[in-house]
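Mind looking over this structure? Questions follow.
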Amino acid sequence: MEQLGKLLIQMIISGVMMGFVFSLIAMGLTIIWGVMNIINFAHGEFLMIGMFFSFFFFKYVSIDPLFSLPMVAVLLFIIGFITYHLLIKKVLQGPVLAQLVVTFGLSIFLVNLAVFLWSADYRMIENPIASGKISLAGIAVSIPELVASIGSMIIGAAVYWFIKRTKTGMAIQAISMDKDAAAIMGINTDRLNAVSFAVGVMCVGVAGALLSNFYYVFPEVGSFFGVIAFATVALGGFGSIEGAMIAGVIVGLAEIVGGFLLAPAYKYAIVFAIYLAVVLIKPTGLKGW
Amino acid sequence: MMLEVRDITVDYDGVVALEGVSFSVERGEVVSIIGPNGAGKSTILRTISGLLRAKSGSISFKGKEIHNLPPYRVVEHGIAHTMEGRRLFGLLSIEKNLLLGAYTQKNKSSIHNKLEEIYALFPILKERRKQLAQTLSGGEQQMLAVGRSLMAQPDLLMLDEPSLGLSPVLVKKIFETVKDINQKGMTLLLVEQNVREALELCNRAYVLQTGRIVTQGSGKELLSSDLIRKAYLGI
Amino acid sequence: MIEKRTEISERRRTMFKVKERVFSVLVFTVVICLCAVSLSLGQEKVVKIGAIYPLTGNLASTAMSSKRGLELAADIVNNYYDLDIPFARTKGIPGLNGAQVKIIIGDSRGDPKVGMGEAERLIKSEGCVGLVGAYQSSVTKTASQVAERYGVPFLNSDSSSYALTARGFKWYFRLCPSNETWAQNLVSFIKQVEKEKKATIKTLVILHEDTEWGASSADMQKKYFTQAGYKVLDVIAYPAGATDVNSEVLRVMKAKPDILVMNNYITDGILYTRTFKTLNYNPQHFLTWCGCSEPGYIPAVGKDGNYFFSYSEFAPELAQKRAVVKQIMELYKKKYGENINENTVRAIPAVLLMVDAINRAKSTDPAKMHKALMETDIPADQLISPWAGIKFDPKTHQNIYARYVIVQILNQAYKCVWPPELASAKYVWPWPEWNKR
């Protein structure tokens, strides 16, 4: 019994830690959806790019992922900004199908580009600063996971603050609620769309950089996290930042605790079952509009 | 001449919405545009504020051409637009809605003064300033929408159907407010279906039918014209 | 006068233009004809073999090794190489007037439905005379159904699900051992460990990813370990694309087995390794299958990969016994700049056997190829795999000489530890605990 209790605490800790990372990934996705009504199917691929950047900084310039984090964040922000201007902007006025296809195509393009440039191999950052674990009363906490979850929390909180408390953030919220009304308030919607897309991409890129401390890096890595991000955003409510934050933790917990109590084979089924249950009660998700 | 619209033609996906529309607004005036549903009244305002592009023709404001500017630049020139249906940011508080209205303003103390001015004009908004905009009643929402536009400290305020969906008592109150705002020096361009009140209030009016201006004149002239009496006032 | 002259030159110019046009049309026609002739000639001389592999998806790096194996095999057949292996010292297929072999690749993306569509395309549109592939058992299952329907040989050298041969298909042949073989090999190995290391091994937990391959492997392991008197405490299935395996590992820890038998691919294998270390999980030992033998595994986990037992269908130790193995290892390294690995070694015999069947049949007629395949009896010394030869069971079409070797990762390299006659290192048992290394 005591052993089971310990295992449960272990799982809750692991679940919450992964959950915070999921939250950050989902936040990026939900911001992009909320502001532009675009489903970013390439979201996971930006995570992959973040991981690769982090890996390359480590391998070629010997900068630990923790210290290269700000640089990765800036790079991903720039990539997001450019992507918006080259692709997203062009289809925003276009038919919905074009909007779906453009990010879907981008995701396939990025995966193949990564395979082409960097090969399909698996890479791992060996012995980063954040490594090892803390053991306390038989409960093990992996330091890289802890760092990733705290990092995600900090970045998540910063983005939350930016959206909720700054003038630019308020304008972004205004665009997500009513684009035309925002425009006639004097908000440059095009520029803030770009900023939002860049912030969304930065969120997921930073999550990738944090994950790279303990997760293997390879071109297809994005697809795993992409799927979870969609489930998380749907659970939290499309467009809701708070929803994404809460849902991330729920998904992290459901995956680990649910997987343990029922059967690991059904852990994603559990995540989706929770989503379905929420949607039955509240079709817009936990915090949807 | 503060606003001068010359011969604009606008179409939506090939369907003509406005055809050769010209009119002007002088500083300090209240100008009404009246006409039936679907005549293109809102289209005129949306074109002026840059949400729509005119296919031909020009719009100048305070002597500057503005018809090629994006909406946010039009606001900077001093035109505020209260859209039909209020279009508030429902999940933001009343105060945040008002502050967004002052998005183009840089001077913090003048924003603050303006805010107090709006609160003085609509005391109910001050009372509920922390509440979400979507929790307000229809009349309060309209006040907020007008207040939000005034926060931009515009030279010209364009109001699109301010009385839509309000009870007669509130309609009256809204028109009083509009008059009040005008008396404080604001130039107004008003789109209304409440033809009588609009004509009584305005200095001049234009009648729009299927995208063309069919007649114009002072409010009083139009009130007594046969066309208006038959078609809009049902007398 | 002047006007007339201009008129004449004008007319000439026009005539010249007409001639020019006629000429260019003629040239164009000739070129097209030449192309058509050369194409039709070419068709006679090229034998297309279709290959289905998960070139994109989480097994992309694995499939790349397989693809290189196929290309290498085709190259050996098509060109002259001084290697002691059939078809190396000839150009093309001798029995078919030196016809060249061309590998046409179809990307399954690891999806059974896509694999099925690709099989259809390779047979119908590309005109492939036979198929090889498709790595994942689940994809092989659907792709070989298509081959069965069209009556085209499907040579499978890298899917191990027992269920595949149990179907009794006419056109499906498996060169490689099955997961039944692996379960039997594992039990023999554990019996040997008990004897040699005086270890007490009574219980085990089986962990498997939940596709066809993992599930059927786990079934076989449960069957053979139970038959041998061991107690299977739990069989845990988990989704193949998991991003986190804490719950799986905690369940295993709760069951406390003597040994953990794993059936995993590479991504989850890396994740498990990390999670075992974090949670400091140390059973008597880990017997893994597949994931830890992928070429990407050791580079990804480094020292943490040491001591895991895994399987292989390639024993570099063979190089000391058969010169050709060493030569092919060197050839591969020269060509691709990396060491040959198991996936390459598995892909090569499928192509060579297909060529061999065509060569013996002297035709690409499916019925004749089928007869040749049924009569196959290739001795071990013509192979680069550690199999004892190739000969198909007349009913199931399983290669009865197929077998695995068990390897242990020592100093970040695979060392063969079983069967005893191929062993090149002494194995470490029990598992050295994570925090005592």
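Remarks
When the chains are written out, they are named A, B and C in that same order, and each has its own residue count from 1.
The rule is short, and it goes like this: a contact is a pair of C-beta atoms (placed from the backbone, for glycine too) under 8 Å apart; a residue touches a chain by one contact, two chains touch by 3 or more.
Just so it is clear, the structure is predicted and the values come from calculations on it, not from any experiment.
Hopping across touching chains, the smallest step count from chain B to chain C is 2. Among the pairs A-B and A-C, the greater number of C-beta contacts is found at A-C.
Among the other chains, B has the CA centre that is most remote from the centre of chain C. Rounded to a whole number, the gap between the C-alpha centres of chain B and chain C is 71 angstrom.
Taking each chain's centre as the mean of its C-alpha atoms, chain A lies 42 Å from chain B.
Averaging C-alpha coordinates per chain places the centre of chain A 35 Å away from that of chain C. In chain B, no residue touches two or more other chains. Residues 56-58, 60-61, 64, 210, 236-239, 241-248, 250-251, 253-254, 266-267, 270-271, 274, 278-280, 296-297, 299-302 of chain C touch chain A in their complex.
Taken together, the chain B residues at the contact with chain A in this complex read 49-51, 70-72, 74-76, 80-81, 83, 87-92, 96, 99-101, 103-104, 148, 152.
Chain A meets chain B in the complex at residues 167, 170-171, 173-174, 177-178, 180-190, 289. Taken together, the chain A residues at the contact with chain C in this complex read 3-4, 7, 10-11, 14-15, 18, 111-112, 115, 119-124, 126, 133, 135, 140, 142, 145, 214-216, 218-220, 223-225, 227-228, 252, 255-260, 263-265, 267-268.
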